[in-house]
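Okay, so chain A shows up in both of these, paired with chain B first and chain C after.
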Partner chain A sequence: MLGLYLHRDSAVHRWPAGVKMGGLLAVTAGVMTLPGAWGAALAGALGLGLLAAARLPVGRVLRELRAPVVLLTLLFGFQALLAGTGWAEAAVAVARFAALVLLATLVTLTTRVADMIDLFERVFGLLRPLGVNPAKLALMLALTIRFIPLLAEQVREVRMAQRARGVERSIAALFVPLLVKIFTMADDLAAALEARGYDPADNGR
Partner chain B sequence: MLSTRDLVLCALFAALLAGLGMAPPIPLGFLPVPITAQSLGVMLAGALLGAKRGGLAVLLFVLLVAAGLPLLAGGRGGVGVLMGPTGGFVLAFPVGAFVTGLLAERFATGANPLRLFGTCVVGGVAVVYAGGIPWLSLVAGLPLEKAALGSLAFVPGDLVKAGVAAVAAAAVRRAGVLPAVHA
Partner chain C sequence: MIEFCSVTHAYGDRAVLSDLSFRLTERRVAILGGNGSGKSTLARLLNGLLVPTGGSVTVDGLDTRTDGRAVRRKVGFVFQNPDVQIVLPTVEEDVAFGLKARKIPKEEIARRVTAALDRHGLARYRHQPAHQMSGGEKQLLAIAGVLVLEPDHVVFDEPTTLLDLRNRRRVIETIRALPQKAVVVTHDLDMVMDFDRVLVLEDGRVVADAPPAVAVPAYVERLS
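Showing the complex of A and B:
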């Protein structure tokens, strides 16, 4: 599965996922602590610089940003029109998050899903003393990715069966067979995993 | 400890959430607007898998969204969506499923749809809004009460989803395919 990643030959793409996510966290913390719009201005400038450095098509990036920008503009419009007061603070908040959303979107567009998942596994590995098992988490993430087309297919199948029986508006007729199917599939899939030598007691060390 | 079947169930429910986001919206006879069923999946995960596995299933889904898979309804995904105005709602999904499961384990262990409806409303609606509204308020620079007021428009739809989730969960429990919730 390709995800939202957009391949280009750029230094930004080559930076490790951990650097990009760590940087995003650091910039977020900085933007939230700097007074006024300074943080937003700096983060926005950084975002535009990275956008150019990553050689991403601007139209595609704008498409990713459209939904949050429309929503923020609407909210800000209501705030400015209805409340009258407090809109300067609202403008700062909106500018801050607009810049941060731009940076976050750049991280997503320049980092492969697989690299991001590797990073999550390493981060969850730090939680091992708390009883978190990163190997199990990794397996579950991989299984989920594998199951998504399977489930999409199941949803389609059940809805087609409904239509054939003329009950496409019945809620029970969609979810009940779907969920029952999931629970019975789980038995077979678990047996298939164990038949291939998966040992749930193995903590992956 | 999670058994192999638990791992598979969590992954299947996470994939169900993704599948529900990809499926065309479902028309309901009595609603003019078709529903997108993702928050329905959150409630179902909690009600049918219990707190631990339900929360974990939804967490898997959110992690994959964060990793950059376009799994949210409308094909959205990535860290940007989570940091955006509606990100708080998505980040609260796993907690919502966990609380739904916790309540279901205590108060709705049978197939009574009314009890299940109650757990879905608290876990799947109240908890999710409790995460989403302060986030929206922070991101948009809105006072908390205005962010809450703006989110009110979505409550009727979410209550309908809680009803759907409760009826479906009750029927699935009656079907007797469920593993013990208190595993």
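Showing the complex of A and C:
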């Protein structure tokens, strides 16, 4: 779902971020209101069509979908076995989510983060009368996306360091150094933002 | 010109820099010093990321205490660890970050980003995620993100510390070719040998201030 932009020369890549996000919302509403598996089937077909039109490598898209597929399988099992909704109904619910996850992944893979942030900044701008600073919210979003792989890397590093010292499973041994690293990174990041011309007082007007 | 006038700096009760006074007018200046000597604090004082607890720092007549924003426009800063300096996920977006923050028109941003990526050999990574680049490429990206803003001076805080030999050479060549004045905080003695001036810091004081041929041997002797 958080798959980063993958550049290709395609019409889907050139569509404005607003069109893609608006389309995703409209399709989501459609999938949830159409009866039975129709919504899921139509959204799935649309997703496959867009996948071909966007010229994205199927392997990469499948890799992005790996984690959601695991979650959906668990959801399917839970719905069918524990919630007692029946196999058919659970399958329809999971198919709906799977189709929407595919579409959402395609949106993130074909839209530059900067374009997405511009869009969110415009949308958050509607909340300016309530005292919301849209530029700050948009930057927060951008930093979240940028720092997810970096934090994953830090977790891996700390784990390896602990293993090298013979600690296999210890929450404290993982979280204490990780927190220290995160706070140091946050300090450095704040300085870097300032050094690169970001002004926290700018309200994005 | 960057001028330090009786500068002291302390974190709480811990004094890090004591009574520093000097003017930097040369094209290439290096700051050498052991761990904890106050080098990084001094670097951050140069562009107003920190303001001194005593004395004043001015850049071309602008005081970092009162004109911090204007000073930061004049003085670019490259951090030791590029990972904290790279803000946006892809190379192109990140180079454009500072330009967007300055509200520069889109066409101008596109032109300057393309020129910066070409100049630093990053054009082929334009649409790539920054986190997938090597350490040296990330450092070049961090440098490109600063230089695209066309500052008058650039401060580098240990720019080669995390790099292998090949990438270290690329970064050194980039610094050598800069048209701007540069202040480089470093442990890399080879890099500074063709600089114009070297300041050696020890316990927050300047203990040597001379051309590299004099200052570097003095620094090595102090270490040993």
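Quick note on the criterion: the second predicted complex is superposed on the first by the 120 of 205 C-alpha atoms of A that agree within 3 Å, B and C clash if a C-alpha of one lies under 4 Å from a C-alpha of the other, contacts with A are read in each partner's own complex, and residues count from 1 in each chain.
Note that a contact is a pair of C-beta atoms (placed from the backbone, for glycine too) under 8 Å apart; a residue touches a chain by one contact, two chains touch by 3 or more.
What you see is a predicted model, and the numbers here were worked out from it, not measured in a lab.
J.: Please work out whether A:S10 is in contact with chain B alone, chain C alone, both, or neither, and reply first, second, both or neither.
T.: It touches nothing on chain B or chain C.
J.: In this superposition, which partner touches a larger number of chain A residues, chain B or chain C?
T.: So, of the two partners, B touches more residues of chain A.
J.: Is A:Q162 in contact with chain B, with chain C, with both, or with neither (first, second, both, neither)?
T.: A:Q162 contacts neither chain B nor chain C.
J.: Just chain B (first), just chain C (second), both, or neither: which does A:R196 touch?
T.: Touch status of A:R196: second partner only.
J.: Where does A:V113 make contact in the superposed view: on chain B (first), on chain C (second), on both, or on neither?
T.: It touches chain B and chain C both.
J.: In the superposed view, which residues of chain A touch chain B and also chain C?
T.: 4-5, 112-113, 143, 145-146, 150, 185, 189, 193-194, 198
J.: In the complex formed with chain B, which residues of chain A make contact?
T.: Residues 1, 3-5, 21, 24, 28, 64-65, 67-68, 71-72, 75-76, 78-79, 83, 86, 89-94, 97, 100-102, 104-105, 107-109, 111-113, 116-117, 120, 136, 139-141, 143-148, 150-152, 154-156, 159, 168-169, 171-172, 174-176, 178-180, 182-187, 189-190, 193-194, 198, 200-201.
J.: Would you tell me which residues of chain B are touching chain A in their complex?
T.: The contact residues of chain B facing chain A are 1-5, 7-16, 18-20, 22-23, 26-29, 40, 44, 48, 56, 60-61, 63-64, 66-71, 74, 76-86, 136, 138-143, 146, 150, 164, 167-168, 171-172, 175, 177-179.
J.: Can you list the residues on chain C that touch chain A in the complex?
T.: Residues 44, 47, 49, 69, 72-73, 76-77, 79, 81, 83-90, 92-93, 96-98, 100-102, 126-127, 129-131, 145-146, 149.
J.: Any idea which chain A residues touch chain C in the complex?
T.: These residues of chain A touch chain C: 4-7, 112-114, 142-143, 145-146, 149-150, 153, 185, 188-189, 191-199, 202.
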